[in-house]
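A, B, C and D are the chain letters, set down in written order, and residue numbers restart from 1 in every chain.
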Amino acid sequence: MLDKNQIAQRIAQELQNKWYVNLGIGIPTLVANYIPKGIDVEFQSENGLLGMGPFPIEGTEDADMINAGKQTVTILDGGSLFDSAMSFAMIRGQHVQLTVLGAMEVAQNGDIANWKIPGRMVKGMGGAMDLVASAENIIVAMMHTNKRGESKILKECSLPLTGVGCVKKIVTNLAVLDVRDNSFYLLERAPGVSVEEIQQATEGNLIVEGEIPEMKL
Amino acid sequence: MINKVVKNVEEALEGVASGMEFMLGGFGLCGIPENCISELVKREISDLTCISNNAGVDDFGLGQLLQKRQIKKMISSYVGENDEFERQMLSGELEVDLIPQGTLAERCRATGAGIPAFYTPAGYGTEVAEGKETRDFKGKMHVLEHAFNPEFAFVKAWKGDTAGNLIFKGTARNFNPMMAMAGKITVAEVEELVEVGELDPNQIHTPGIFVQRIFQGKDYEKRIEQRTVR
Amino acid sequence: MLDKNQIAQRIAQELQNKWYVNLGIGIPTLVANYIPKGIDVEFQSENGLLGMGPFPIEGTEDADMINAGKQTVTILDGGSLFDSAMSFAMIRGQHVQLTVLGAMEVAQNGDIANWKIPGRMVKGMGGAMDLVASAENIIVAMMHTNKRGESKILKECSLPLTGVGCVKKIVTNLAVLDVRDNSFYLLERAPGVSVEEIQQATEGNLIVEGEIPEMKL
Amino acid sequence: MINKVVKNVEEALEGVASGMEFMLGGFGLCGIPENCISELVKREISDLTCISNNAGVDDFGLGQLLQKRQIKKMISSYVGENDEFERQMLSGELEVDLIPQGTLAERCRATGAGIPAFYTPAGYGTEVAEGKETRDFKGKMHVLEHAFNPEFAFVKAWKGDTAGNLIFKGTARNFNPMMAMAGKITVAEVEELVEVGELDPNQIHTPGIFVQRIFQGKDYEKRIEQRTVR
């Protein structure tokens, strides 16, 4: 079973050279810590920053330099700053090759729900709806089940949707899944997790073909 | 050159009234028009519609207008970080229209650019698209989104000149340039107001044509919401 | 009868303080030479320049600093440079208060034709269609009649249109006209030109109310 | 940082082929991608569709491609100043699609910004609107206009860095930034290519994300069409 950092580490293996990447808040943010050697990627923050660097050294933080999670950040040499219309032009125009974000639920048709729970305070979708409607590659970082042990990998989403038919890949604490043909294809197991455990934790249609390898981290 | 300078925030806000629709720049607490917001809080105006990506925190930014119940409706993409907002929203005192961030940014730009409507894929198939026209372009579904119609836009820049030209700093740019384009009256407060000729015309982010009033702001707090360091 | 410079001079009297103004090629360009005292205006050139100044001093001309007529120009202190999308955002969004342009024909309903003569080489409309469809104030600078003495102030345009119902005011070599209520209202006569001459040169519905003063230049 | 540098114009144009749709920056002869155009003239490719505000003059800019009959269709707002263009157009050898300049600029931006279509008032009631959807917004009629789909965009900047960030100079900016956003492959030629870190990130006109290939151009003629002086 993976912890949050390991989920991020596994997702980082999906990064391809020369990709621009938008990382959502939470586990996705951690992906930046595990960029594979030899891979050049640039991180986009949708509030208006390309070439996002690490957090600033204490004492150098600047109120005018934050990321989409409102955290103080730095900008790398070769980065650029722009307004929010330009930022979402990049996203909507598919210039950002990969979006990594969290989810409350994913359905086997690729639907994703991650912004609203009826009856609870709704904070808003921020840029998530633009990101999922636009990105060619969307990887969801999430726990396979909720706190009550119920699957979040579903036949159909029960929560209000963020986007339809858009999720291509999921990395959970238990497995790596491809989402296609109205099914979840099991690609890899987390270390020490059996196919049966994954089947049990998956409500949606799970396809298991041949031997399923363990993830390498 | 056309001179846009007003002497202070009081003069800059001449004409604001209850029931109006405002745009306010900023992302989180970054790049918000602090002086204009403080002055709006002092005015006896209410029933405002505020278009702003976020709603501030309880005691800073738009949160101050919420505390005084001056806002009737918020149009935003994300409104967390604010207990009073939550209370008013759940009790039904406050109307809230949540809009995908990119759609919000593009609708602001469209307002200023004379584009009454455009198609975007964001929100298709979700409740955001309910009641809206949708349409297939090259096999992908899109939603028709419209421009706004704000009476005032309040923006904050790093530097500005007397002709209204603005330069923003870092990620404090965010929604400010598009909102500056969109206001029937756009009020710009700047950290540093300079004479014409001091800014490089090749580096202006917002040309002065979009700004009706500009003033030198003061006492900037520039609060940091999430101070993260290495 | 006015010459081209006098037409420009008369149009300059229409300038109001704090207006941003777009001047078309030809007579309209000359308007910049006659800005009334005490009136601050800024000229916009739709290729991406605000605060356009006079032509450069010989030897200082810069290939990277031209106006919409492709002439070398200068930029004044307080001017700004921007791309063509931003430039037409200003125009379409009605941030430019006045457009002055030439015309081949104007009709009494405000239609304007100034870009195309069937059977002749068509050079294109450039920014004219955006300008006339957007501007709140459009003043047309033109000769009242063509070289064959035929009126260009018409009941209906015969040439392909540039814009519909948009012209508000016309300054010709003979007269100043308001365009409203599907008519041309005669406001002023050029020095030495009689009302009868103007009536004769006007094919469209010309309304003459009371005494028509001579223009003051 | 992602490095976008290619060693010369030959490498920059790898993949161009007959029948493709190109965008080319510039207004008149100002800010045109001189090196790319010269190289296109050398290639044995034809049946090109060229989206460019103008078509150059007889012996410079796109006029050179016209001389060699490499262009099948021009999409422009103004095409005067060019005898060969006129000849080919009148003889029917050359297809010409004339588009209002602001609509052309906005369609280029829309292409890059993932906006498949938008409404503009420009051209309503004229032959430009024939066959297009029209619609009333607040009592004013508008025309629905669509994005393009170019394979390559060729742009010219003043300075650029190895990450593809671009800064334009003066009115040579014109259509270049929107076309840079719009190309499936965007090729930028620059007067001065610098290392990352040398350009102020706050003053970038075109962020590097839009540029796939960048190279140091050479032998810029920068011809002036109308030399006017005081």
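Keep this in mind: a contact is a pair of C-beta atoms (placed from the backbone, for glycine too) under 8 Å apart; a residue touches a chain by one contact, two chains touch by 3 or more.
Just so you know, these numbers come straight off a predicted model, no measurement behind them.
Going by the average position of its CA atoms, which chain sits the greatest distance from subunit A?
Comparing chain centres, C lies farthest from subunit A.
Rounded to a whole Å, what is the gap between the Cα centroids of subunit B and subunit C?
36
How far is the middle of subunit B from the middle of subunit D, if each middle is the mean of its Cα atoms, in Å?
Here subunit B and subunit D have centroids separated by 33 Å.
How many Å are there between the centre of subunit A and the centre of subunit B, using C-alpha atoms for each centre?
It comes to 29 Å between the two C-alpha centres.
Would you please write down the residue numbers of subunit C that are in contact with two or more other chains?
Expected reply: 75, 81-82, 85, 88, 91-92, 134.
At least two partner chains per residue is the criterion; list those residues in subunit B.
Only 106, 109, 113-115, 120-121, 168-170, 202 qualify.
If each chain is a node and each touching pair an edge, is that a line, ring, star, complete or other?
The chain contacts form none of line, ring, star or complete graph.
Considering every pair of chains, which are in touch?
The list of touching pairs comes to A-B, A-D, B-C, B-D, C-D.
Where on subunit D does subunit A make contact in their complex?
Residues in contact with subunit A: 1-3, 109, 111-115, 161-163, 165, 181, 196-197, 201-202, 204, 207-210.
In their complex, what parts of subunit D are in touch with subunit B?
Within the complex, subunit D contacts subunit B at residues 106, 110, 113-121, 137-138, 140, 142, 146, 167-170, 202-203.
Using the touch definition up top, name the residues of subunit B that touch subunit A in the complex.
27-31, 53, 76-80, 86, 89-90, 96, 98, 100-106, 108-109, 120-128, 158, 168-178, 205, 222-230
Which positions of subunit A touch subunit D when the two form their complex?
Touch residues, subunit A against subunit D: 18, 20, 40-42, 44, 50-51, 75-82, 85-86, 88-96, 134.
For the complex, give me every residue of subunit C touching subunit D.
Checking each residue of subunit C against subunit D gives 45-49, 54-59, 61-67, 69-73, 75, 81-85, 87-88, 91-92, 111, 121-130, 133-134, 160-165.
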